[in-house]
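Should a chain be cited, it is by its letter among A, B, C and D, assigned in written order, with residues numbered from 1 in that chain.
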């Protein structure tokens, strides 16, 4: 019987305490913000959309290797010794035409692992976090600066050069060891994937 | 009011129709505002902002937008449902909630039907809601809905008893079942209100009535028929679009109905708290509605504070706590009156 | 108790059970046991007053990649605060290991998982269903020679 | 003798239902299962006769993925996603395992940073656990209060590593970034701000009589049963077993701090009921804040990147390393075959093991109790299914 009344007293009392707390919070300013009107300030290190500065990219494929979800796809073509691709901002000489640099941002898990191995610091995570799209295909970001014709051009040139080199090599080999036939020639592809 | 209309129009059917529709003038905007208010109260209690965008100031037209959205939604009837009962249930629940307004005195000049068993009629007619809930839950052909309906039936039936007993305590001192009469007996300053009579027994009766009313309208901490974390949404699980809105609407209408009854029985109804100051039929409406709204707000406040009970604890509260206390109140009031 | 002492105790009780023990030169010392006696050994480890291994930390099924499947039991004693790792290996053709669910209820789900992903059959398991993969899935994905099927119930798998 | 009340309907374990029983599927889409857990409930009215958990709806083949990565470092983002509510603790366990396999020692400062992050993450995770538990019981408001505090912890994380939920912060041999300038002051501010909030939670939820009535004496898990089922973390400590890996099998620099594990004492009912499990989490938050404060005061200067290896190629061998995650004993069993790819990684996730006890403790209760029990075990389905 005693417990019965104690229980009733406790229930009423704890309800009143709870009501006091919630009532007090009626007059506490809200901690949330009205999002599209007010935007949170992101810290310096915020990791959001990936961006690649193609001027600095040397096509080393480090980021592609580091990506745990394989959202980066890079293809490169060797440049001719006569081509001048310029240098990166860190002073490194570029040796490869980057003919494909696709990031499927829909697959990206924003881990940032691609950012660290980059030798020229050209791939980085920016502060842009609003990039929703109506079409999934729009998430395939294409960073290559070369036009289609240019890509075809460098590919053709590289293939030609490769062939030339191969022919030269074969000729040299044939000259050096005329007895043994060239067993295996490297296929004339310059494209890696 | 009825007399006035009859004098002007001299057509019984027309007059009855008008008096029947009159409460809707209050109910519809009330429901819209109450839903918005509930969101805002919850938001501010939780340090949030709540709806802010729709319609300028603090998102005042959010509920209207939601109404329009629900109207456009597809009306899904499950293939395995009992279609007739499924479609009928929301209307029955709404009718049960709305029918109570016929006998609620909004002001000294306006009451839908001043029947001399007013309170009895209201208690009888609000119980009809349980039929609608059972119909909806059963017809949905969903186990969660059925659970919700069964819980609701058990809950509403058992909470009728303490609430009726609490009302009985008031009826005993008033000596009448007519709500208009009960209001007239509480005229004057606020200490004439029944809640302060025979202190503290009627006050306890009011608490009992209020708790029981919370259970009857399925509000937290007694919202187990639609407990979203257990039963998904209870008996409304399978409803969508406008039918769901009807359930929602009926719930808010019911909330005001029970608050209005509490205001009438315990807080002087349309009486001004300050004697004749701001009295009269027009101000009466104001006092009545604001008393009702305060009680509705308290229901909301409780909802955003408390966890919910378990079904057996709910029964415990009804049968082992509220009912004995209500009996004690009735007996005490009776003894007091004999003295 | 050190690993050596525990291993000695097992040897004393089950002279034929131990295949291999390794305490030096590895990160985690272990005792390799013949699979047929694993239940008895576990029961002994569990009930012996001086050992009292009552906490099964982990049970992992592995595919050794050399034609064998294995189970690794990591045990811990709450009372004596010592650990032991027990390993068994079974051939892929007949991957049957006695279930230890009756000794450690914790092994129940772990064994179901090992069955599901590696395909070790635990004889005497009370509820030998798949646990993570769908009930009608074919094959055991964590085996090294597992080939991803083309379709599952008409759905293309490699998206 | 055949039971004449038996019907031809069978549960998925093959048990025939009796006439008065029915099977209810709680989940996979259900508000109180905290994700895509399906509980097949055999119920007699409101009384639960049996529960058969079905998991695997969120199975993302973590172990298979890990075997197909280019290296050990690439696994870390996947580990993050196992327990998305306590990603730092997950990282911690994994990198400790790989470091042990490699045999490298990380700088002192890294150890401190890791402990600070793990403990802040534990607070954040327990805030979710306690908040959603309130939500299961029907109290909405405490949930948002707790999320309010959690946001501040996430702000600290975002400032440190740039992400709010899945950090990829702890790396094998170090951490990705050093602490940003001003972090220590902000973290200290947070500790000061957080301590009084515990009282608010207690007043509003923990000691609310309705909440106590709903959780006390419900889902009682005795200590020996908890050990037998391999339960760990707050579930084990809630059952009155004084065992915490941070103290009893110390790793990192936990031995340098002054704190004690909280255990359930059965204040409101039997030892090991839902309320005990809940209150252990609430009290653990205070202890974690204590550890964070001590670590912030003791943290040494130094370089955080010295031990990060360029190529991670552990020698062939295997290791089982366990740490105390927010949900209990998180073990990683890693086998290396000497190459850069992990040969096999098995994650012993605490929720997976804790969940296996649910049929044992929920029989005979009501449906509402089942919700309370599932909430008090604090499972994260990402970790159960991996």
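Following the convention adopted for this analysis, a residue touches a chain if its C-beta (ideal position, glycine included) is under 8 Å from a C-beta of that chain, and two chains touch if they have at least 3 such contacts.
Since the model is a prediction, treat every value here as computed from it, not as a measurement.
Asks: Suppose chain centres are the mean of their C-alpha atoms. Which chain sits farthest from chain B?
Replies: Relative to chain B, the chain with the farthest C-alpha centre is C.
Asks: Once you find the CA centre of chain B and the CA centre of chain C, what distance in Å lies between them?
Replies: Centre separation, chain B to chain C: 62 Å.
Asks: With chain centres taken as the means of their Cα atoms, state the distance from chain C to chain D in Å.
Replies: From the centre of chain C to the centre of chain D is 24 Å.
Asks: In whole angstrom, what separates the CA-based centres of chain A and chain D?
Replies: 31
Asks: Using mean CA coordinates as chain centres, what's the chain A-chain C distance in Å?
Replies: 40
Asks: Can you list the chain A residues in contact with two or more other chains?
Replies: 15, 18, 21-22, 25, 31
Asks: Using the touch rule from the top of the page, what residues of chain D touch 2 or more other chains?
Replies: Counting only residues that touch two or more other chains, chain D contributes 141, 148, 204, 208, 210.
Asks: Throw together a list of every chain pair that touches.
Replies: A-B, A-D, B-D, C-D
Asks: Looking at the complex, which residues from chain C come into contact with chain D?
Replies: Listed in rising order, the residues of chain C that touch chain D are 26-28, 30, 54-58, 60-63, 65, 72, 74, 78, 81, 85, 104-106, 108-110, 113, 117, 127, 129-134, 141-142.
Asks: Within their complex, state which residues of chain B touch chain D.
Replies: Answer in residue numbers: 42, 45-48, 143-144, 147, 220-221, 223-224, 227-232, 304-313.
Asks: What residues on chain D touch chain A, complex-wise?
Replies: 69-70, 73-78, 80-81, 141, 148, 151, 158-163, 166, 168, 176-177, 180, 200, 203-204, 207-210
Asks: In their shared complex, at which residues does chain D touch chain B?
Replies: Checking each residue of chain D against chain B gives 22, 24, 30-32, 46, 134-141, 144-145, 148, 204-205, 208, 210-211, 213-214, 366-369, 371.
Asks: Provide the residue numbers of chain A that touch chain D in the complex, in ascending order.
Replies: Interface residues on the chain A side: 7, 10-11, 13-15, 17-18, 21-22, 25, 31, 42-47, 65-69, 109-113, 116, 125.
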